[in-house]
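In this document, chain identifiers A, B, C and D correspond to the written order of the chains, with residue numbering beginning at 1 in each.
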């Protein structure tokens, strides 16, 4: 186990290095950062000087090398856009994103899994059909549309919930949390729902599809023959047998919410990493993008590591290898 | 004693006799969904003939017709059934024309992602060990880049290689590749996870004992048994691909705004939600919902139909 | 009273010399002040200087205001002015251009200085409005004697980018970039100002719809910009209203007039835009009223000049747009040898100006009607500017741009847009199509130095008439200011789109 | 006479399908009283398992009860809702399913599955339930139960799983037990133990039991009455002695006559002259038949297979190789199989027989030793491609027929796959013809080709995998319990076919079975396994006449001779 995990963490370094390399290869396609960093009166010569001093004229491998050399010393540079150390910026944004992703993942799971089971058990019921249709509508409407509609209804018409931001946060020193204040919690609701809709639909459909197959297996039949309660059969035996693909998808989804909840975060002006990232992209904030992509690479390696470990926990048949 | 004929029946008769067709005939839901999907595809493919206007031909679009409500509303104009958008394009015609891009990009990119992802997932899950590690770390790298950046990269490289003129024809491919690349990991990892479970089952061992090469075992034996989640993801990602296309087009790597796709139309319409011009976004949105619904129903049906036990 | 407002983005830096950009400087104008300042209608009035005088063509004497305190309690005096001037010349500064307008400052006494300019400069006081004074002692204490460079290596070097200490009416009390900035009223402020606001909360909200929703739901008192199509909504919603007016920003189209063959066109071997008739044909093909009415909801002001009325040097005579006349346009095209029109690629930003992409689309449609088939390439501003800017060799054939002269003076337009592109002289930097007329170049040079207002205006008029005859640019309109405020809040809407908190009064 | 517990009246079960409805049970009436054991024998695919499922209300869709009634004591239980049925299942009627591998939840330990069931019905505390679970495993003869209880199903051998399934069915002390082939995968000594256990339950607790089996020895040993099923109908019911000794119905008669003799070796198994099917089941003339065309594998000297010091260990317990316990499944085993020989392996359930089969086919990698096949050491081959060259000469019939076929393929494709792949025919139509023919020879009929595996009974599935194995015309065939689920008549047909192939083509076989009479008829030499070791290898007759090793002696002594067992049963009945 120890060996397995440490091997993975070792691999994660390689992953991060590759991500960095590709990142620097593509930054020049994102646009020109200089234009956003200077006013319109700045002369061409000054612009050129700035470009030169930022090293943007160097070949990307040189830029990459410079970045990595500094990064291993813990220095990720300064944001072009916000004139702040990137590491501090990311640390500042991370709690907001993590809280939002976890809540929405939780929502998606807490609703998605039972609904998946229900719709598999009662595939013909009216409720199932209605629910499946509705959830698909939730998927096919773009996130920004859903977000705006939610804002319009709950924020503007009913005025129950805030339309933007994270509300009051409590600073715990190393972490800022919105869980401890009423306004923080209220602010979480709409973005979390917006994010959760897609995840939930995916989970419902996945669980349902897998359940439909598992419910037809002999061991479920034998479990029925032993007179076990439906709760035990459906939730413990059958559900567990559907878990491997479900865990996989959940892992990927949680990862991508943490990484790229871009649209939701910008619709709700949620001060998270997704917002930071999209703004970095639109202003070509290279240091932020670079550090951010490395972080995300690490997040994904860790999440996928956890997922792979969960496979072993869930399915003993997989334990023989490794 | 059985009806063995010497020739192999033609494809059509085989299809008509196949369980799939037989099953299809007995599922009204699937039939309706198939008809709707067909209508959408047909409408898109033959938009030139079906659509009352040609919204992509800007010489025929009149800015003064902009923002007309649907025909049945007070200020509506009978020649614009579903109203017009901010540029004076007929919404109905634009949906038809725009679906063309969206359908191509949607299906092609999801198809690309699925094929790539399934292949990687199968190999990775089956081979295990170093191969698995390498492929999955590549997947991790891929995951770290959102579609936006991939699109910018591909677009940039494509522009670098290709002459200026070809860029517009290229736009669709750039979109397909970019979206396909950013979606494949989902398939790869799910398929891999299922393959890891399946590969130890006896039917796989039986295939090995016959001496079948690995790829046949993978494609013919394991693949059908892991298709369930794949179909679910693919049908859902179709919607995502259409929307992603709109986002990428906004970033300037996709199709130009003068020939908007379904997704772009929804995105444009989004600007008019507050101002009361709901038809610009609602109708294309509804078209997308119908498409996604039908494809999902078809996907569900196919999944059940492919599983002999669920018939 | 608490005042909450929102803009679409946050300032990059709190360093008053970090970025020469209108929103940033306007935002910081509530914390920092210059020797002069803008009134709500963009007139120059005394700021930290009580008075000034042009004692010789290149010499100005400024009397500084006495008793002015910085937020940390330090006194404002001549040393601070000199310090500030030197600071703007350091490498990280983006105000070097302004700094260079001064060649030396002599301290006469603590509150009198003599400013030397390298050449006669009639608009120096105007150019000093955004030239914010910093406290020498504070800067030295915090190791911020140099302007923070975007290249800065560590957090200490960027102290001034994250902290502020000005003389303005508001003290920055808390700041989280991109999330929230809070200001409290500076009780020792030297001037009596209308505002009754004691605390200001600023939140950037990037999405227009969210911004509008937050205003309507009562969470904010004022937001901008409001998407123009949402005005109706604001008008019909209770308790809020749109606040509009023309902005000092002109939107226009430019054409590549220097290459011998257009980069993006089907015409090979020659450049149609070198022919004045083609440019004129373009001008007459574009229906500014239609764009105004349908795209801008009637809120834009169709323009004939690259210059808005609020700008010093504006001349109403020339502000009549080219007439919309597609027939004439076709005729001109035929005369020029393009009876069937031609194909053309167009570059357009899609997140820079009000409805920029939509305007471009409309232009494409209008040009299509006279046979010019335009291929639109709309991109976010970073990519757009990277493509069309001179650093990239002005890689465009036809583009849309908007311009507000930062000095609020016509010279800025002559210099940046109308003069020939010249790296040495730094002229024509935003003249992406490289329109060139030697007479205009000459005039631009003279206008800079001319201190006689009437003569100056004559020169300007000549330049305008040349440009108009040449059809060097295709001006579209003055972009509208589009603010949304809660009922009961009164404020001054400045044409440079700056919110000056001094004028904000929050009522019930 | 004790009271009737379960009474099945005129039960009709049908499986509608696209290719016509299958009537799996036609007016079946059966009953069992408290303290009674009813044996059900009959043709494979006759509908025996279907009846069990129908009684439990667990028929798989699209199957449905088309008529008839089922009573438990006096209550009608047919047509009850799922909620009401749940109260009956497990607690009042316990069912042992035919397929032990797929009946167990692969993700839970045996302990968890047992404890869950025990607690559902008996409300025990965790500790008590665990204790009972362990004692149940002990009763069904699982060695080291306290350790084994924490293992997962895939870590058990076929026979052990079967015993776990029995333990699960028994753990709530049901009033009626439906046992569907409960001992097929068990060696004679464990089988005797299980039968003892069941008999004790019936006699002491007054349980009523229906036991479905193909093993006449088992019937003779435990059943009070016997029902014979044929093509969905019960053709004859009567006391065991009468049915075994003097059956009335022609099918019953032919069935009894086909029981392989344990005592003497015959050249061929006696074939059933079954009434209706007589015309279909033609003898096969290998000299003209496709199967008779030998494939050219080249020649090799010496034994075809030579296994030396083979070792295999399974680690289990910890999650990442940090093994808690090690199972030595194969421990220093050496043997060889000559060209054209049929080598039998018998032995204790869980002694490593299937593991050897898997090692030989390179499904598992051995932990030591060598496997020489036709002169090549398979354990040394690294590349898959090379391995496949050798594998293609081998074939294996898996112990578990259902798991070893791909449930998503039609039977035709399953069987045709190796033919197509090895290009053994020249055209697709020939392939189809051969598949249909093969299906015919394993007694399924060509109609089976368009169906999917799950539409078949246990025995029928086993025949599918036999047909697939034969389709490659292998040089070396490994049979892991090939006929355990087959009724004696089909068994005879198939074993004769194998014998013919051996005679005509020199097919070499490794034949794993618990059925000693079959081993005696089939094999030339036999290896006896116990606890992972090959304890004795001898010529068949020598072994049966004079076993040397202790375990062999024990095994042979328990060989059922049903006449003898009947007497023992009679003695017991008299004693009680």
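Everything below uses one rule, namely that a contact is a pair of C-beta atoms (placed from the backbone, for glycine too) under 8 Å apart; a residue touches a chain by one contact, two chains touch by 3 or more.
In this text, all values refer to a predicted model and were calculated from it rather than measured experimentally.
*Asks:* Look at the interfaces B-C and A-C and say which one is made up of more C-beta pairs in contact.
*Replies:* A-C
*Asks:* Centroid of chain B to centroid of chain C, CA atoms only: how many Å?
*Replies:* Whole-Å distance between the two chain centres: 44.
*Asks:* Centroid of chain C to centroid of chain D, CA atoms only: how many Å?
*Replies:* Once rounded, the distance between the two centres reads 87 Å.
*Asks:* Roughly how far is chain A from chain C, centre to centre by C-alpha average, rounded to an integer in Å?
*Replies:* 38
*Asks:* Just how far, in Å, is the C-alpha centre of chain D from the one of chain A?
*Replies:* 50
*Asks:* Can you list the residues of chain D that touch 2 or more other chains?
*Replies:* 60, 154
*Asks:* I need the residues of chain C touching at least two other chains; which ones are they?
*Replies:* Residues 209, 213, 380, 383-384 of chain C each touch two or more of the other chains.
*Asks:* Do you know which chain A residues sit against two or more other chains?
*Replies:* Counting only residues that touch two or more other chains, chain A contributes 30, 144, 148, 152, 216, 315, 317, 320.
*Asks:* Please list each pair of chains that are touching.
*Replies:* Per the contact definition above, the touching pairs are A-B, A-C, A-D, B-C, B-D.
*Asks:* Once bound in the complex, which stretches of chain B touch chain C?
*Replies:* Residues 57-59, 61, 63-64, 66-67, 86-88, 164, 168, 250-252, 256-258, 270-277.
*Asks:* Would you mind writing out the residues of chain C in touch with chain A in their complex?
*Replies:* 9-10, 12-13, 15, 18-21, 94, 96-98, 148-155, 158, 161-162, 176-180, 203-207, 209-211, 213-214, 216-219, 351, 380-386, 389-392, 406, 412, 416, 423, 426, 429-430
*Asks:* What does chain B use to touch chain D in their complex?
*Replies:* It is residues 1-2, 4-8, 19, 22, 200-203, 205-214, 216, 220-221, 224-225, 306-309, 311 of chain B that touch chain D.
*Asks:* State the interface residues of chain A toward chain C in the complex, per the touch definition above.
*Replies:* 30-48, 50-51, 53-54, 78, 80-85, 88-89, 92, 144, 148, 151-152, 155-156, 159, 162-166, 266-269, 271, 275-276, 279, 282-284
*Asks:* Quick check: in the complex, which residue numbers of chain D touch chain A?
*Replies:* Residue positions touching the partner: 56, 58, 60, 86-91, 94-95, 97, 99, 102-109, 116-117, 120-121, 152, 154, 165, 168-169, 172, 315, 319-322.
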